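The following block contains the structure, expressed as structure tokens.
All chains are identified by letter, namely A, B, C and D, in their written order; residue positions are counted from 1 within each chain.
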Amino acid sequence: MAVGVHQLLNPLGQARVMSAAEAVQSFVEPGAVLGLGGQNINRCPMALVHEVVRQDIGELTVVGCNLSLPLDHLVAAGLVVRTEQGSGNLEKFGTLFSWRRAVEANRIEVRDYSHLSMASRFLAGAMGLPFMPVRSLLGSSILERLVAEEDAVVTADPWSGEPVVLVRACTPDVSLIHANAADADGNVVIDGVTSHEVDMVRASRHVIVSVEEVLPAGAFDDQPERVTISGAYISAVVEQPWGAWPTSVYRRYDYYESEIDGYQKSAKAGDEGPRAFLAEHVTAHADFDAYLAATDPGASARTAMAEQMRSLL
Amino acid sequence: MTVTEPTVGALPRELLVFEGARQIADGDCVIAGTGLPLLAGLVAQRTHAPSARLLIESGVIFPKVVPTPLSVVDPRIMHAPSKLGSLIESLGGFVQRGLVATGFLGGAQIDARANINSTWIERGTGRVRLPGSGGANDIASHCATIVVLTSHEKRRFPERCDYITSPGFLDGPGARRRAGLNPVRVKVVTDLCVMEGDDAEGELTISALMPGATVEEVLANTGFTPRVADHLGVVAVPSPEHLALLRDVLDPDSRYFPERLKNGNT
Amino acid sequence: MTVTEPTVGALPRELLVFEGARQIADGDCVIAGTGLPLLAGLVAQRTHAPSARLLIESGVIFPKVVPTPLSVVDPRIMHAPSKLGSLIESLGGFVQRGLVATGFLGGAQIDARANINSTWIERGTGRVRLPGSGGANDIASHCATIVVLTSHEKRRFPERCDYITSPGFLDGPGARRRAGLNPVRVKVVTDLCVMEGDDAEGELTISALMPGATVEEVLANTGFTPRVADHLGVVAVPSPEHLALLRDVLDPDSRYFPERLKNGNT
Amino acid sequence: MAVGVHQLLNPLGQARVMSAAEAVQSFVEPGAVLGLGGQNINRCPMALVHEVVRQDIGELTVVGCNLSLPLDHLVAAGLVVRTEQGSGNLEKFGTLFSWRRAVEANRIEVRDYSHLSMASRFLAGAMGLPFMPVRSLLGSSILERLVAEEDAVVTADPWSGEPVVLVRACTPDVSLIHANAADADGNVVIDGVTSHEVDMVRASRHVIVSVEEVLPAGAFDDQPERVTISGAYISAVVEQPWGAWPTSVYRRYDYYESEIDGYQKSAKAGDEGPRAFLAEHVTAHADFDAYLAATDPGASARTAMAEQMRSLL
């Protein structure tokens, strides 16, 4: 069997609706290769990552294109041994302080790609291919390291003789994403950009999707063109309104700057800050709803961000 | 700020935006991240390049941006586009496919040969970790023109980057070709000058100065010794109307210009 | 047709559909084209395999088929699916990705080693051009089990196909492995018998007979000499309810059974 | 520049609305590599192909996944020198008789692929790559011929050592597709399956799309997730209601069996039949509307097929 090709998902297309706690317990194992959806401040799988922190599932290899807030939480919680990514940052909100410290101290191993080459790795996995060609990376230090680690190979296009890079398929053991909606069969609808998520999901052995709203099976029967990802690839559906908070969900709510800033301020100085933040915001609570109720009593911030999103559409 | 002295009020980083905008031709497809590059693209669309199209690496194709996105996945950048797609659509189907003429990049270091580092910096005995490539390597590999908007500090302009995240001219003339890359033209716009070059030259040359800056000042703040063009231009200052466009329409809350508030310019 | 003699009325090609349906386990993902294979999948879903999922190569994922599609892009096959996608989603993201257990194929020739030809046939001094692979090669390359439903004619069963469109066991045991393919199990259901085999055997063996057929009859109508299993089964006939399902519900207009009309069976 | 990568489309994203006659005259040149959209009896670009026949543009290399009615028309009109495809047929409606005769007589050259490998060639073109890997074709006569013609190469996966096939990018000079709708900027919405068309379009130098309905620019501004193909890839938009007739358009009209059967009957016996059919149905008419009016006076067949489609949704 070619590298990167999984055995059959079994049973195929039998997504089940369950709680975040049950889903994470069922599908995220210590030492897993964990794919993270979302990008920067949009549609990050915060509720699911809170649950991984709560269940203290460690030794993770985290993969994605842009890794942001969820990765930094996992690193701050001491759960990550390695990352493979195109970038780790929050744009205007700064760098990923915990990840950066851990990488600089060699506490976690890191493998750099460009966004296209990382997305191409997921496409290879999604298509059952051992590798994908890319014409990026040539001449760069990124490629030098990948070739040294035998994670990439430079070959000649058989027709033109021009150099082409081959990058290995990336096939997560389990991926976590947050989406606008799903039906009970796990058919997922994402509004707004899909970043790297469609191919990452299709490349994964298991996928947990949290959604703002679970609809009955068959809800998309009359508009199957709107389905972004078939339920065939989904293991568990978790209904979790505001599940990407404080990041945004297009057409639902804007990102909440002060909460993102708050985490960044806590994370900047040293490892104690983000640990205290997670203790207060994550592990102190039984679930994500309890976190939301504690940090946004009366839901005034959430209401405001939902209104702000409506004003932007 | 008075109407009779409009250019006195143009902040150095605002001049970067306008000089960046001038690198965009009408009809170009331009890929830009948030911040000054996106503002440069929006200025171009509202002035000399109404048919220029903006591409966002997250998968937003040709949006009608509303103020002021802080991220490439900000709802303000997803507004009313041609299509909402994916990273691989933007970076594969447009950038690698060769459809994007101009790419804007940032970076912690840019060296004499226009190579860019946004991954690792050596500092004393340790190393500082930066965000990494994102789409930058892809953009530098495939766009015909790369524009960098940056503040001019000596540590940002080493002779040679500690790590090449995004290829400029690599080791010099012919090096991109040998690596399998198409040629590129690079323009670096700073608060002191404009430096530019292409594959044939293989290095950056000072081609213009910001108003009031001198070659000596540039050289003193640059870690390598760029060539100086025979005829040095001076970067044009924006008209009051264009400055108002940037300040009042494109970034009305000064999200990317905190110095405006300090300077009392708005 | 009377209720007390239901199986007398089962046409040979109807028996193919029911024996095809029996190859599908509950929960399987099955890829099938229109005609008898699709009807076999639909019978399975309505009888012993309610959780079996149908995949259509054109990009229709898990449809609720309404009668009677004549094409893989027929609106009747696009009805209420999980998703409407593309060829590369079905054949890349499912078939090549290894998610499809069972694939149904047709073909003009099937040889002793279960290789299938749907491209070119030698005939005298000339060659006859057939439609070509479509998704057949992809399905035969990647599915764990291949089911072929076909009429039993000598010219359809040569010792060796003139052209291998879709790989069976290629040259025999170990040949798929050497070519870089995963193992496959093949089941050929005809109006005379069932032949089957796997990579380890590397050839087809007669494992069951259709009701009333004999080994001699099979051998007389086969261009190669298949092995005969020690214990030959007889293919079960459908119950009256299942026959009614096929005739009245799944293909009520006999689009795939013109012989029904001739025989006065409906 | 790597094989299969075109120069910049210039200007990008400047689709223009025009007639089929003008579009074909502007973008289809003799000797072109012509990509055909649609599949079997669905969404075939009949109006655009009628126009190619009317303008008698020959020496074409026709590429696609499943090639059906439009190819057979072009072959019958003597306009095709070569095809590259995954299949040529009409399923229940039979084989492509004109194509088959021409191939058997060596009047046109043919290159066979599987549907996945052909779709992968378009994906390579769409991504600016010189080739794509596939794990199909191994061991087959298809591969034997492709390797002999240097159209495919068998290589070893650098990681597992397993054989992998590399197929060359396919980058049509111009592709013809028919879709449900487009806005005036060329943003295309396709209902139903998209077959191989999205990647083929993105791999093409020029694309002509005919649509049931042209909407004003900005019509999809509030639902950009519904756009199947960005106008960036489209050169010309042709408003042609019933432009796929007698093939179907999902959500609009069913295929019209008797007209497809009529062509097949004409094509079966020899080359004269389909030529006479084209003379009567295509070249006798100034445009596609005239063909529709002549063959379906009173639009009763079209009305019936639209009603039939509604009953199936």
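To be clear about the criterion, contacts are C-beta pairs under 8 Å (C-beta built on N, C-alpha and C of every residue); 3 or more make two chains touch, one makes a residue touch a chain.
These numbers come from a predicted model, not from an experiment.
Comparing the centres of all chains, each the average of its CA atoms, the largest separation from chain C belongs to B. Annotation: C-D is the more contact-rich of the chain pairs B-D and C-D, by number of C-beta pairs in contact.
Note: centroid distance chain B to chain D, computed from Cα atoms, is 41 Å.
A straight line joining the Cα centres of chain A and chain D is 37 Å long.
Averaging C-alpha coordinates per chain places the centre of chain B 59 Å away from that of chain C. Chain C and chain D have centres, each the mean of its CA atoms, that are 29 Å apart. Residue positions 2, 128-129, 134-135, 162, 164, 191-192, 222, 225, 313 of chain D are each in touch with at least two other chains.
Taken residue by residue, chain B touches two or more other chains at 78, 84-85, 88, 92, 95-96, 142, 180, whereas all remaining positions touch fewer. With chains as nodes and touching pairs as edges, the resulting graph is of another kind, matching none of line, ring, star or complete.
Applying the touch criterion to all chain pairs gives A-B, A-C, A-D, B-D, C-D. Chain D meets chain C in the complex at residues 39-43, 65-66, 85-89, 91-93, 95-96, 99-100, 103-104, 110, 112-117, 119-120, 123, 134-142, 162-164, 191-199, 248, 250, 254-255, 257, 309, 312-313. If you check the complex, the residues on chain A that touch chain D are 2-3, 124, 128-135, 150, 153, 155, 157-160, 162, 164, 166, 168, 190-192, 222, 225-226, 313.
Put simply, chain C touches chain A in their complex at residues 27-29, 51, 53, 61-62, 64, 78, 80-85, 88, 92-99, 101, 142, 144, 180, 182.
Only residues 33-35, 56-60, 66, 70-76, 78-79, 84-88, 91-92, 95-96, 119, 126-138, 141-142, 163-167, 170, 175-176, 179-181, 255 of chain B touch chain A when the two sit together in their complex. If you check the complex, the residues on chain D that touch chain B are 1-2, 5-14, 126-129, 185, 187, 202, 218, 221-222, 224-225, 227, 229-232.
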